[in-house]
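These are the structures, in structure tokens.
Two complexes are shown next, each including chain A; its partner changes from chain B in the first to chain C in the second.
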Partner chain A sequence: MRAYVAWIWKGATGVLLAAATWAAMAYVRPAEGFLYPDGARIIIMHVPCAWIACLAYVVAAWNAAAVLRASTAVPAKWRAGDSRCAAAMEIGLLFSALTTITGSIFSRLQWGAFWSWDPRQTSILVIMLLFAAYLVLRSAVTDASVRARLSSAYAIVAVVPGLFLIWVLPRVVSTLHGGANQAVIGGGLDPQYRLVLYGLALPGFVGLFAWLMQLRTRVAELERRWIA
Partner chain B sequence: MSGQLWVVAVPVIVWAGVFAYMVMLDRKVAAVEVGAEADDQ
Partner chain C sequence: MQAVQHWGRQALAICAKDMRIEFRERTAVSAVLLFAVTSLVVVGFALSGEALEPDVAVPLLWVVLFFAAFSGLAHVFTEEEEGATAMALQMAADAGAVYGGKLLYNACLLGAVACVAVPLFLAVTGMPVPQVGRFVAVISSGCAALAAAATITAAIIAKARARGALFGALGFPVVLPLLIMAVVATRHALAPGAAEWSWSRDVGGLLSYGVMMVSASALVFPVVWEAA
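So, the complex of A and B:
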């Protein structure tokens, strides 16, 4: 029964993202007021990637807290949380890299350069480095128990600047993204874009994140059993 | 019209390929898990 439920939500993820891809290219209108109106379609993929990077931080910190609460003497209590935390940070790195790449393409179309050290561009770069630093830290410690506790402490500390850089900084300083941010967060977004972003892309990307998380934690468990 | 069709079709085909690859990976991991459980018993 659980296998059927799993394939239902995985199938739904496939359908939602196929629909979002189709809608981004064929359903939404070219955006008004953009230098290259068709280029705005990339936000259907760019914005959910940034959301997923943010979700990855929260999921990682949640699991990191579970690891730190558990007794180190009983590996079964912290091992699953540690695997999930590491998986979330890896996927966060992937999605922050995708956010940076899609954002650079949009930047070239709208502002004339792939990179202009805009506060939001810089903040996503720092976020990517925060994810990468977690993986470097993990690879530097060999003892599994020490690695789990150290990297969990880092994940909890990193979530504060991570969320600050995503949600707060770009709203308190002047940024090229000013108008774009208000369009996405406030009421200025075209209803077609809102429908596709919130109705198709966001749930589709959340499903993709959950699927990648599940796959990565299962592979980590198999790796552990093989090594043991 | 044909050009517009390809603009829509190519990203959808790319996503369908990624989706099929993920399904394949998922099934392979499940097969290895079954094998690992059999080894444990």
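So, the complex of A and C:
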């Protein structure tokens, strides 16, 4: 029964992502009011990548809290949380890099430069650095128990700059993303784009994140058993 | 109430101990001050007597303060690990009191450095300060928040390898949102007429970052401090 459920949600993820890619290329209309109307199609990949990077951080912080709460005397309790936290951070690094790349392409098309030091661009760059710093810290500690606790502590502390970057900074400093964010979150989005973004791309990316998490934690478990 | 008084006494005793060590050895204060003065000499040499626009001078001031802070504030925890006194301190004092004492010491050290570096910076760049009260409030709240971020980062890297390189790598993404807000707040404080100035947004934003950082740090510090 469990195997069937896994096949169903993984199959659904594949179908949703394939449909989102087709819809981004062929179904949605070129967006009005953009410098390059066809270039707006990239938001169907860019926005879910940014959301998954944030989701990865939430999942990592949740598991980091579980590691810090667990007793060090029972390795099974903190090991699972530590593996999930590290996996979420690695996937977060991947998706924040994809967000930066797709965002830079959009920025070049719409605002004339790959990088404008806009607060939103800076935010995703710093979030990417936070993911990378967490992984650098892990590589600098040899003992597994100490590594789990130090890196989890850093993941919790890094929630503070994460919150400021996502919620506070764009409201303190003027941003090029103001209109775009209003369109995506505030309901000003074209119905076609809304359908593809919320109906296909976002659930597809969430499924992909869950799948990658499952694979990465399984690999970490095998590495721990056979290599370490 | 007695527990709070006991905690406060322990924290003050740890801060006083670190200050006494610093008065004897003068390692951290020399490193931080020398870094700040050297970078100011470089700025002065580059300017060759020309006045600097506040839009350029303000980020430069915070860059000097950030690198000065990160050249010496890790010392407070690394000296306990290198001198093998961490375990004695763990037995003598509560983890929360150790964090409080170290934070207070770092805030005092950074405050002392700012008292020397900021007037020197103003003299070198010729930057006018129309509203001294607002400027002092922004610098003080920014330095307090900077000390909070540096203290927990120092506690984490003290338990890892390659501490010097790690301190910058882990600290920079944590501090960057604070630096951006500090630069914006300082620009608002220095603008003629201070039309965009807001106590709650500019000073409040920096203080709230500091309070959130202290809260998150206090939560994770016992785990970091006892990790071995």
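Throughout what follows, the second predicted complex is superposed on the first by the 222 of 228 C-alpha atoms of A that agree within 3 Å, B and C clash if a C-alpha of one lies under 4 Å from a C-alpha of the other, contacts with A are read in each partner's own complex, and residues count from 1 in each chain.
Everything below uses one rule, namely that a contact is a pair of C-beta atoms (placed from the backbone, for glycine too) under 8 Å apart; a residue touches a chain by one contact, two chains touch by 3 or more.
All figures in this text were calculated on a predicted structure; none of them were measured in a lab.
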>> In the overlaid three-chain picture, which partner chain does A:K10 touch, first (chain B) or second (chain C), both, or neither?
In response: first
>> By the touch definition at the top of the document, which applies to A:A26: first (chain B), second (chain C), both, or neither?
In response: first
> Just chain B (first), just chain C (second), both, or neither: which does A:A18 touch?
Replying inline: first
>> Taking the superposition on A as described, I'd like to know which of chain B and chain C A:R218 touches: first, second, both or neither.
In response: first
> Now for A:A97: first (chain B), second (chain C), both, or neither, which partner does it touch?
Replying inline: neither
> So which one touches more of the residues on chain A, chain B or chain C?
Replying inline: C
>> Contact-wise, after the overlay, does A:L135 reach chain B, chain C, both or neither (first, second, both, neither)?
In response: neither
> In their shared complex, at which residues does chain A touch chain B?
Replying inline: 10, 13-14, 17-18, 21-22, 24-26, 211, 215, 218-219, 222, 225
>> Using the touch definition from the top, list the residues of chain B that touch chain A in their complex.
In response: 4, 7-8, 11-12, 15-16, 19, 22-23, 25-26, 29, 32-33, 36
> Given the complex with chain A, which residues does chain C contribute to the contact?
Replying inline: 152-153, 156-157, 159-162, 166, 169-170, 172-178, 180-181, 184, 201, 205, 209, 212-213, 216-217, 219-221, 223-224, 227-228
> Taking the complex as given, what residues does chain A use to touch chain C?
Replying inline: 68, 119, 122, 126, 129-130, 132-133, 136-137, 140-142, 145-146, 149-150, 152-154, 156-161, 163-165, 168-169, 172-173
